[in-house]
Amino acid sequence: MSGNTFGTLFCVSSFGESHGPAYGGVVDGCPPGLELKNEDIQKELDRRKPGSSRHVTQRRESDAVEILSGVYQGRTTGTAIGFLIRNEDQRPKGYAAIAEKFRPGHADYTYWQKYGVRDARGGGRASARETVVRVAAGAIAKKWLKERYGVVVRGYLAQVGSIRIPFKTWGAVDANPFFSPNEELVKKLETFMDQLRESGDSCGARVNVVAEGVPVGWGEPVYGRLDADIAGAMMSINAVKGVEIGAGFESITQKGSEHGDEMTPQGFLSNHNGGVLGGISTGQDVTVSLALKPTSSIRLPRRTINTRGEATSVETTGRHDPCVGIRATPIAEAMLACVLADHALRHRAQCGDVTPPTKVGHGSKHR
Amino acid sequence: MSGNTFGTLFCVSSFGESHGPAYGGVVDGCPPGLELKNEDIQKELDRRKPGSSRHVTQRRESDAVEILSGVYQGRTTGTAIGFLIRNEDQRPKGYAAIAEKFRPGHADYTYWQKYGVRDARGGGRASARETVVRVAAGAIAKKWLKERYGVVVRGYLAQVGSIRIPFKTWGAVDANPFFSPNEELVKKLETFMDQLRESGDSCGARVNVVAEGVPVGWGEPVYGRLDADIAGAMMSINAVKGVEIGAGFESITQKGSEHGDEMTPQGFLSNHNGGVLGGISTGQDVTVSLALKPTSSIRLPRRTINTRGEATSVETTGRHDPCVGIRATPIAEAMLACVLADHALRHRAQCGDVTPPTKVGHGSKHR
Amino acid sequence: MSGNTFGTLFCVSSFGESHGPAYGGVVDGCPPGLELKNEDIQKELDRRKPGSSRHVTQRRESDAVEILSGVYQGRTTGTAIGFLIRNEDQRPKGYAAIAEKFRPGHADYTYWQKYGVRDARGGGRASARETVVRVAAGAIAKKWLKERYGVVVRGYLAQVGSIRIPFKTWGAVDANPFFSPNEELVKKLETFMDQLRESGDSCGARVNVVAEGVPVGWGEPVYGRLDADIAGAMMSINAVKGVEIGAGFESITQKGSEHGDEMTPQGFLSNHNGGVLGGISTGQDVTVSLALKPTSSIRLPRRTINTRGEATSVETTGRHDPCVGIRATPIAEAMLACVLADHALRHRAQCGDVTPPTKVGHGSKHR
Amino acid sequence: MSGNTFGTLFCVSSFGESHGPAYGGVVDGCPPGLELKNEDIQKELDRRKPGSSRHVTQRRESDAVEILSGVYQGRTTGTAIGFLIRNEDQRPKGYAAIAEKFRPGHADYTYWQKYGVRDARGGGRASARETVVRVAAGAIAKKWLKERYGVVVRGYLAQVGSIRIPFKTWGAVDANPFFSPNEELVKKLETFMDQLRESGDSCGARVNVVAEGVPVGWGEPVYGRLDADIAGAMMSINAVKGVEIGAGFESITQKGSEHGDEMTPQGFLSNHNGGVLGGISTGQDVTVSLALKPTSSIRLPRRTINTRGEATSVETTGRHDPCVGIRATPIAEAMLACVLADHALRHRAQCGDVTPPTKVGHGSKHR
């Protein structure tokens, strides 16, 4: 299948451009009988919506979703779920000035060279606004995972620039514009973001995502591993440059006697592996961490070339997130949910007759 | 497709277990006309072969490959290339002692719970010995990429435990048992590995892989991005817990004015993006970095449970790499080569009629 | 991928129900640079439109298509092409009477049993109205095939009930409401259809489709054969019960000396194989023939059961085609075009460097 | 995925050439816990084996299969099942005479033009001998379908040239070299085949395949329909030119009041639809019929061209089936079994939680 669809059984297809008439998607393979209404998707879209604080892009979009198929009398029918999100605040003219220049860090140059044509209106297909489709699809996956398996997928902002945000409580995450799990740091983040915005520059971020309640057994070794599919899905999010599962890059300096999670009849004693061993879920929390690069659209002047290959410079004014990582939390959650839903179905397909033979506890804090 | 095949057009299917009769694979979609003989594959297999130094597992395998199809009169025919690698040094009996225990950090528990059955002989399908198939397939991909596009894929060991190995020269890499690009550190690595082996413990590692000469334009946004497929392929390698493209996790603390690679008519001025923008190759070097966890099989006693769910402990004797990362370099190269070959074909399919419109230099050191 | 997407590189995803708000689709993988506007799709949709004569369903739909993405300044960009066709003449209430009964020959029973839920409004997802999406996608494939390769895909009605319609001229096909290639038979067809409609019954039909100008070499043996993919695509059309390539079922009684198409430097001397040998196109016309079953919705009373498993009977009034085969011609053309476009891309991917070595003529009447 | 793999969840990959060292395959996605030994596969391979009567090719092959992976202690483990069938009776030299000519009806010309290279030894990859892989994979599918769902897949020869073979009893099928379900016609078939062989010509055939016991609900509308996947799989078999489901081409002349299968609480009253409605199994027998073209390799001289495009003629001596349809019965069974196993898994994945709501009888003779 081509590049705008992903998933083996829980499949998401996406279309749309930043300043075209609409974004839309198709979720195919969703089990029948799931209660689903526009609001179930809307509430997730609202979490990533632009314009919700001064720290993110001021583009005004209601991001109102319309389910067009696959739901009958309030429940999924098992057929393809089509949905549409109209663009409202298009300003294609604002992009005339940069239509002939390649903005550093952007996909302008690569789209142009690959396709020989480029939709220069706000990045066209390469715009991070495409993530509305991911969040919409993820809302469906999340709901099904929760109702069918009790799986809860959630994330938080773990670092902005050099400010680390230690996890404190899930309750805080949706109570501030940063998805910070730590209320105490919100003030500091605000100050930092205000300075950043004034300086005309941007910064990177780290987002952590966790899936709790994942049963043991999801994942298809050796290439269709759960962690492999998660890594691929995460790296497909705009601006992501790194993905870790469990201990991630800290594994390099760990000893085997430290990293390998010991087991007791009550469960695992640690979770360095991030809930995946041999590509299959262990029953512990699945823990993922992402690095997002700083926003490429900045006000500071940058050297570049134009479509004729001549040297020039570019300054990107307009409405941009000074830290794309801030709005990435719901997106990362969505991608994790879609991968998990896909593997839940794949596992049920092949191993639907297997009763996991060994009972161990999964209730410890080191799930 | 199921979990033991990967790729959209350049497809690799794999089978085999650590102590079964053989490993084998099928490479489907390789272009016709490529000169290919057993030795082309063998030389790559020899690079990852066990028993080649005292720092890796002492299992003795010749890893001799036999091409069974898809080659006629020394050239690929465009049909499926089947190949076989017989196991020679099977010692399934050595595993009786641990057949009923789940080794921490291993896939024993997850396979058992997922499938209700487990091939306990050396990890069965979960053994890192499966990577012979990846390396064999990668040898074909590498050869085609080099001859058709001049793409060179190579890697090196960048860190072992806390010993960082700064890149010095490609020439050193195959001249020492560590794939170290720096001869000066070899002595230090040997001492470290000897101590580690004596202590009965293991350690993690970092491997860097680079593809030079990749043309601009490979990759299929938005889900089939080149970097997304690379991340998925890398995370599917045994023991990998983290993947970075370009600046990776350092992007978090970078400013946009630092990270975004400026362009001139002579080419890019830096390569923080690792040769991929918007999921499409830029023409610069594609740079990837992996974190490998410490070997799970260690001599030190570890708490665990048995198949009846009872508490017990396990010590893994036998023939194991004290640092799986050491032999991972050729494997990572192979996976990168397979992903690139796949995307070369995918790009040619859709954009075979496009002439990249803008000429820029790609010859600077910041490719 | 799940059941509502098809194609490997030229991929079509479809959603929508007969009496939901809209049908829509995504065409992904289309090469960039193709001129495309709503009208290119509209003209094909108009060919299959309901209500265009008294011999087909009287449902009134303008079937107006809206391209939502993937086209910029009149040309495809290489990104996903999303499109929408709103339903206008929904009458969901008309179906209340049959919501609890399973109409013989329909998918009512199977959807109900498979999914545990059924959209009873006009067959829901099982409605032949879904073919608007196929025709829209096929319009894009047709246009690209014609402009890039000179391939022309067209079809005609070859039989209605027991009335055989010998091919006479392509010019006639779009000049009568039956897609009959033979003007002389139109009167006879009209009389037959009037009688059929009056009788409250329905009949089957045969549709032939031909692709001219297909280059030698498309198709991927052994499972991804061109003819295999054509057969699958045709059998996926509502009401199709049989597919033939070339001589089809007549091959059974042919001798090898008759069937095997002889070759001369000027080309083949016959085309019993239908333009495909070993799953690969020969350069001759690709010829396909379909059997379509009689419309299942008829006014005559039929024995059936209801959703509680009780015996009952059903008469289907409302707006139905008495011969679904009549409007099948543009649909079959669309499916053939999509499969060919997919294989054109797949061939170019793998064999883009091959120059077909043997020049033979393909201009004879036995192409 | 590329052309030598098929299936979404129950996946079969194939490699090998007629006169190469071996054929082999990988079955991926098979559920764990199935008892499987070489003999389970061998008995099916023996049914299609060459040299078993004077009416088929006299090539001598034991077709001995070796399972190389995926089975542990006599049961499938859920991992990839690799298997190998060595070629024994290779006579590549016998093909030197025709290496430069394109045999009419064969894939010689199309492979040569597609790939620019051709393995001329007995048709290379295009040889019908590739079907050993299908039969081996089908043996696994058949066994699982029978044990898990009670599904029985079997077929018979229904016509040879103009001799129709009315179904009499399943018991006869494996008791004669023709897979004839009718003992009385065996003598006549022998005489016909002897005459055909003497004449140096060949003939076509019809094979019917039936799957009994298929539960209601398998199949994924609208493109992944059960009948669509069956049609594709059947048309991928060498020499097949037509496929019918249920009434097939007879549907053309049927009335809706005749074709549409009425229902009663005891079950369906007929099975014109062949066990599939709307692409989903009905619970009735799935009935499929195939047309196979006459063998292309005949002793009679035929006009053709050589690789330089010059006119010449060719007579094919050597060891060939005068009617390829005769040995096609086990192959068609295998393909049907593989498609059904795939859809069983796909259905379980999406609809594993659905209880089919309406109980009807499926025990009538019109299943």
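For clarity, chains are labelled A, B, C and D in written order, and residue numbers in each chain start from 1.
One rule holds for everything that comes next: contacts are C-beta pairs under 8 Å (C-beta built on N, C-alpha and C of every residue); 3 or more make two chains touch, one makes a residue touch a chain.
The shown structure was predicted, so the numbers you read here are calculated from the model rather than taken from an experiment.
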{"item": "Remotest chain, subunit D as reference, centres from CA atoms", "value": "A"}
{"item": "Which of A-C and A-B has more C-beta pairs touching across its chains", "value": "A-B"}
{"item": "Subunit A and subunit B, separation of their C-alpha mean positions in angstrom", "value": "26"}
{"item": "Chain centre separation (subunit B, subunit C; CA means) in Å", "value": "45"}
{"item": "Interchain centroid distance [CA atoms averaged], subunit A/subunit C, Å", "value": "38"}
{"item": "Numbers and ranges of subunit A residues touching at least 2 other chains", "value": "1-5, 8-9, 14, 29, 32-33, 78-79, 114-116, 125, 221, 346, 350-351, 354"}
{"item": "Subunit B-touching residues of subunit A, taken from the complex the two chains share", "value": "1-6, 8, 12, 14, 102-107, 109-116, 125-126, 130, 159, 161-162, 201-206, 216-225, 227-236, 238, 241-265, 269, 272-274, 276-283, 291-298, 300, 302-305, 307-311, 325, 346-347, 350-351, 354-360"}
{"item": "Touch list for subunit B against partner subunit C, complex", "value": "8-9, 29-33, 78-79, 148, 221, 345-346, 348-354"}
{"item": "Subunit A-touching residues of subunit C, taken from the complex the two chains share", "value": "1-5, 7-11, 13-17, 20-24, 26, 28-29, 32-33, 66, 68-70, 72, 75, 77-82, 84, 114-119, 124-125"}
